[in-house]
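Both complexes below contain chain A, partnered by chain B and then by chain C.
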Partner chain A sequence: MRRLPSLIAGAALLVVIRSAGLVAGASPSTSRAGYQMIRNPDNPIDAVDRQFLEDVFLKKRTAWPNGAVIQPVDLAPASAARRQFSDDVLRRPVDAIRSYWQQRIFAGRELPPPELGTDSDVVRFVLRERGAVGYVSNGAALNGAKPLTVK
Partner chain B sequence: MSLRAKLSIIVGAAAAGLVLVTVLTALIGMRETGELQAIQGRLLPRLALGPRLDADFERLGRSMQDAVAAQDRQALDQTRAIRDAMFERIATAPGAISAPQAATIRQTTDDYYSAARDVSRRLIEQETGEPMLAAMAAMQAKRAAAAAALNQATNLDYGQLAEHFGAIRAARAAAARLRIAVSAGCLALVLFLSIKLSREILGVVTDLSLGFARFGRGDFSQLIPVTTEDEVGKLTAEANQMAERLRSTLDHLAATSAELTRANDELQAFSYSVAHDLRAPLRGIDGFSQALLEDYSGRLDEDGQRYLRRVRSSAQHMAQLIDGLLSLARITRGDLRREPVDLTVLARATAERLKTAQPDRHVEFSIQDGLAAIGDGRLLSIVLDNLLANAWKFTRNQPRPLIEVASARRDSQLVFQVRDNGAGFDMTYASKLFGVFQRLHTQDEFEGTGIGLATVQRIIRRHAGRIWAEGKVGTGATFFFTLDETEQRQ
Partner chain C sequence: MRSASRVGPLGDGLPLGHANMVPQTRSFPIAALASAIFVAAGSSSVSASEEAPAPAASASGTAATPSAPHVPEAPLPATTPDVPVPPSPASSALDLDRSIPAAPIVEVHGFASQGFILTTGNDYIAPDTTHGSFQLTEVGLNLTKQLTDKLRFGIQAFAQNFALGGNFDLKADWFYADYRWRDWFGVRVGRLKIPFGLYNEVNDIDSARVPILLPQSAYPIQGRDFLFAQNGVELYGFARSRLAGALDYRLYLGTIFIDPAILVPPGSAVQLQLNVRYVLGGRLFWETPLQGLRIGASVLAVHLDVDAFAAGMTIPIVNRSLLSMASAEYATTRLTLTAEYALWHSAQESELASSNFTGTSERSYAMATYRATAWFHPALYYALYFRDVHNRDAGSTMRQNDVSLTLRFDLNDFLILKLEGHFMEGTAGLVAPLSVTPPPANPERVWGVFLVKATGYF
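On to the complex of A and B.
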């Protein structure tokens, strides 16, 4: 019975997240301007749709269409690109996503993607891991990482 | 061994079997109880404790998550109470979880709690990066370890439950097998002992029965073998002692009887010769008295003649007495013949003789047809002669005299009877009727020697029969007699 209030709270939270996402999704063209999706240069897949990315960053999907393991990587919660990415792709604010992950962490479920402090950290991670997918602020140096188009 | 001891062994064997079955059943019942206690003492508390500990464990994680969400360090510190309550719950249910398992749960849960607190603190401090991720992964591994330990300790083990119930089932089956085996064994033992004892007793009783049959026939040549030392053996020994005493008594009786017979024979021979020798002088007295009366009546006055007549009368009476005594002696001395005798024919012949002797008397005779008997015809004729003559004599004063000869069954015995409606007699003196020279009437009332009924009784006794009389003064008398019953049946 003690579980019931937290379930109700979770459901309310989800409603908040959804409505926030819808608001954010109203202007995708402008919001996408703040970040750039990148991939490992060895990854042949150069375009995915938003849903694919949402599933990957919420770890509901763990493999590329060709079967390679996906390793998503986030920017720190405070970064503008992170907020933009969260609103556009995940359609939820960063806090909601963090709350989602905290729940998963303490329930012993999946772990969130690593949150790295700077764009260059993200680029290094993507270059290092073959199945990695991440995003950086627009204009950041890619150093050989390839862009990934969101259809 | 005594019969009582043998019977005690049989009863004891049955009782021992019963006790054994009871004890074994009780022992197996204790084993069942032990298994049930294990279920009740360990498995059932575990069943109750498991969900509570799971809930505690979940609450611990959620409380830390809530503290992180609220950025509340104090709330994070307070989560320790949940962990402590969980440990307390384990400590107060010692039967449910074994000590090593409890220690493992405490250890792994504590490890997890420390790691989770560390992660929570760092999350509150907004720490990010790959090291943070590694810390979270480590915490999750510890969480999984603690959950596994908890699960292992509280999970109701189907195998254990099945083992306990299997043990109960096996105990019950064993009890049933034991009961059947012990009962069957005891039954077989009791049956075996009973049959053995019955055969023993039957054998001894058969010997005893045959022995008694031999003794009954008067054969004491072989004693009953004493084969056992029990009560039946004692009985046999006593029977043998009794037989020996009986044999000694019978031998003694036979010797006495032989002596008596010899003395009796001598006495009879003596009385016969005395009676026989008395007849000649008596004839002399009667004859010379007659000669005196006939030849010297002129010289004797009336008194003298009367005295002489009295002498003659007495001498003739004495002659009759002597004849009677001789007849009695002859009856006793001669051999007894066994032949079919028609008593009807004999009785009718006697009646005719009586009628012919006194044609002036009118006596009605009622003689039953077919009065068949086995005996000595000559002697039975004397019996009927005497009894009918008596009846003839004692009905003399009866205006309508009646004499009946008949037979009847009394208590399955054939009884012949001669009845008259004559003078009768007083039953007080019935015992004197058959004595020699015993008379119930005076010579003046009814003449007689007092030998007739004594003769009749002796003949009946020689036929192994019995004679008795019933009567009433003035009403009549009935004489009953029986003959050897075994011969009458042939």
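On to the complex of A and C.
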């Protein structure tokens, strides 16, 4: 029992350190397991952290730091890249995210990002919309879309 | 007259009380201050390319979002419907619109649910449930239109044959105009769902939760008509700090329409006139730095004036309530643990001494839901309800223990089937909030509830 306060303090410290990003985690990358983040080539922001992306894709944040509107776009729920993205960035499986959006839609709060069927559709969307952010399967042709690094 | 005297309290079960309310005029500066503190603490990390161009401002003329501290020196021109932006140069060589579905003019979503309830011993939620009842039907259809990046309209039509309300009378469940100026500040007007606790806003959204019946100690389904939505205004916002997590706040002020017909049994000699002077409240959630953990608090104050007409007499009744709830949720990839604790205080005054009272009920539950697979989610909760927190030993009619197990099956992306059983001890929940009907004369102390419900949604 004497060690309990130390354990609690240690756990609290770990939480702070982790939240501050002081623990070496996944190194910054544009390509993660099974997907890569992309942005419009006119978007000067080339790197964001995971939490920022989570907030964007859950519509908790609607603007880039410079005030420009963010337009997130999803792949279809059945795609492998969508599942990987959901697990990795949103930290919840796709069905949990669907449940989240059910709550938001029927509570009259917010609408989910558009879901597009293919990587090329997502690339086209990102090229068309200056504030767009999306993800495609690793190796998909970007056709001028720029990678977005996840720190 | 006895019936009339029972009207004012948000029930024996849903007390009303004196409100220690923060004046609405003070609410916004407090929220803004809180947001400003969070903003000052810093937000998530974002970086910009060095070679990026540096336009002076967004196309819409908006300043940088205060919730984001690391504003790059090269702002991205904003795309807003009122200030059209031509396609980016990289897109000009491609037929970008060729295969991208256009955004719908109006988003349409809907749901339909049909349930069955069977109880052993006591009628619960719907009439004659001891013989089984299909009076668990809900249908909803909503339309949402995003007019600009910041302005949105929405409306949901709803009909039900459920509990005290029924007959499929079509009504506007909610409707709103929503202007989200910044992530940390938005305003909504219309008929708005009341944010109270974790689940009040999804009390009738079967697809958004695992249990068929949310813990009735905290979310009494009989209270849907007066705890569900308010007509008025709401301020809301979200702000994240890199170190301290995120704050999500909601403040609202308005009134509630209560149909007297749901309070007076058919043929009653008593007639009621109800006027909710105001409903005022707020909810604050803190997403802690620990991934998946959020905690929050909700308060709701109601002032209700009731005129009861009976035998040529008019009896004015004034009822004030203050409802408060503390909430905690911890969600991992598969497991979600939630717990909430509430005190609902009510005070009622009238010329009829027998109808005057002051009381506080205590409501709590703990729940675990588990995503075993994408299509199978069980849930287990224990809920506890005392009609009088100061007299927990008052007997089984003044308390209710509820142990519930739910099995949810997602048959496909649009259809859900749920099976649910409750073991009940105590009968406090048989008294519907605001109900003028007396509790059953000889309720069974130990009883069970079994439900089946199918929901389709899109």
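Here is the rule we go by: the second predicted complex is superposed on the first by the 120 of 151 C-alpha atoms of A that agree within 3 Å, B and C clash if a C-alpha of one lies under 4 Å from a C-alpha of the other, contacts with A are read in each partner's own complex, and residues count from 1 in each chain.
By our rule, a residue touches a chain if its C-beta (ideal position, glycine included) is under 8 Å from a C-beta of that chain, and two chains touch if they have at least 3 such contacts.
Please read these numbers as outputs of a predicted model, since none were measured by experiment.
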Fit or clash - chain C, chain B, common chain A: clash
Touching partner for A:108 - first (chain B), second (chain C), both, neither: both
First (chain B), second (chain C), both or neither touched by A:99: both
Touched partner set for A:76, first chain B, second chain C, both or neither: first
Partner chain(s) touched by A:55 [first = chain B, second = chain C, both, neither]: second
Which superposed partner A:66 touches (first chain B, second chain C, both, neither): second
If touched residues of chain A are counted for chain B and for chain C, the larger one: C
First (chain B), second (chain C), both or neither touched by A:147: neither
Partner chain in contact with A:127 - chain B first, chain C second, else both or neither: second
Touching partner for A:46 - first (chain B), second (chain C), both, neither: second
Overlap of chain C and chain B interfaces on chain A (superposed complexes): 77, 99, 102-103, 105-108, 111, 114, 116
Complex interface listing, chain A residues touching chain B: 2-3, 6, 76-77, 99, 102-103, 105-108, 111-112, 114-117
Of all residues in chain C, those that touch chain A in their complex: 43-49, 52-53, 57-58, 60, 62-65, 67-72, 74-80, 85, 87-91, 94, 96-101, 103, 107, 109, 111, 140, 142, 144, 146, 149, 154, 156, 174-176, 180, 182-183, 192-193, 201-202, 204-205, 207-209, 238, 240, 242-243, 245-246, 248, 289-292, 331, 333-334, 371, 374, 410, 413, 457
For the chain B and chain A complex, residues of the former touching the latter: 55, 58-59, 61-62, 64-65, 68-69, 116, 119, 123, 126, 128-130, 132-133, 136-137, 139-140, 143-144, 147
Chain A to chain C touching residues, read off their complex: 15-16, 18-21, 40-49, 51-52, 55, 60-69, 71, 77, 87, 91-96, 98-99, 102-103, 105-109, 111, 114, 116, 118, 120-121, 124-125, 127-131, 143-145, 151
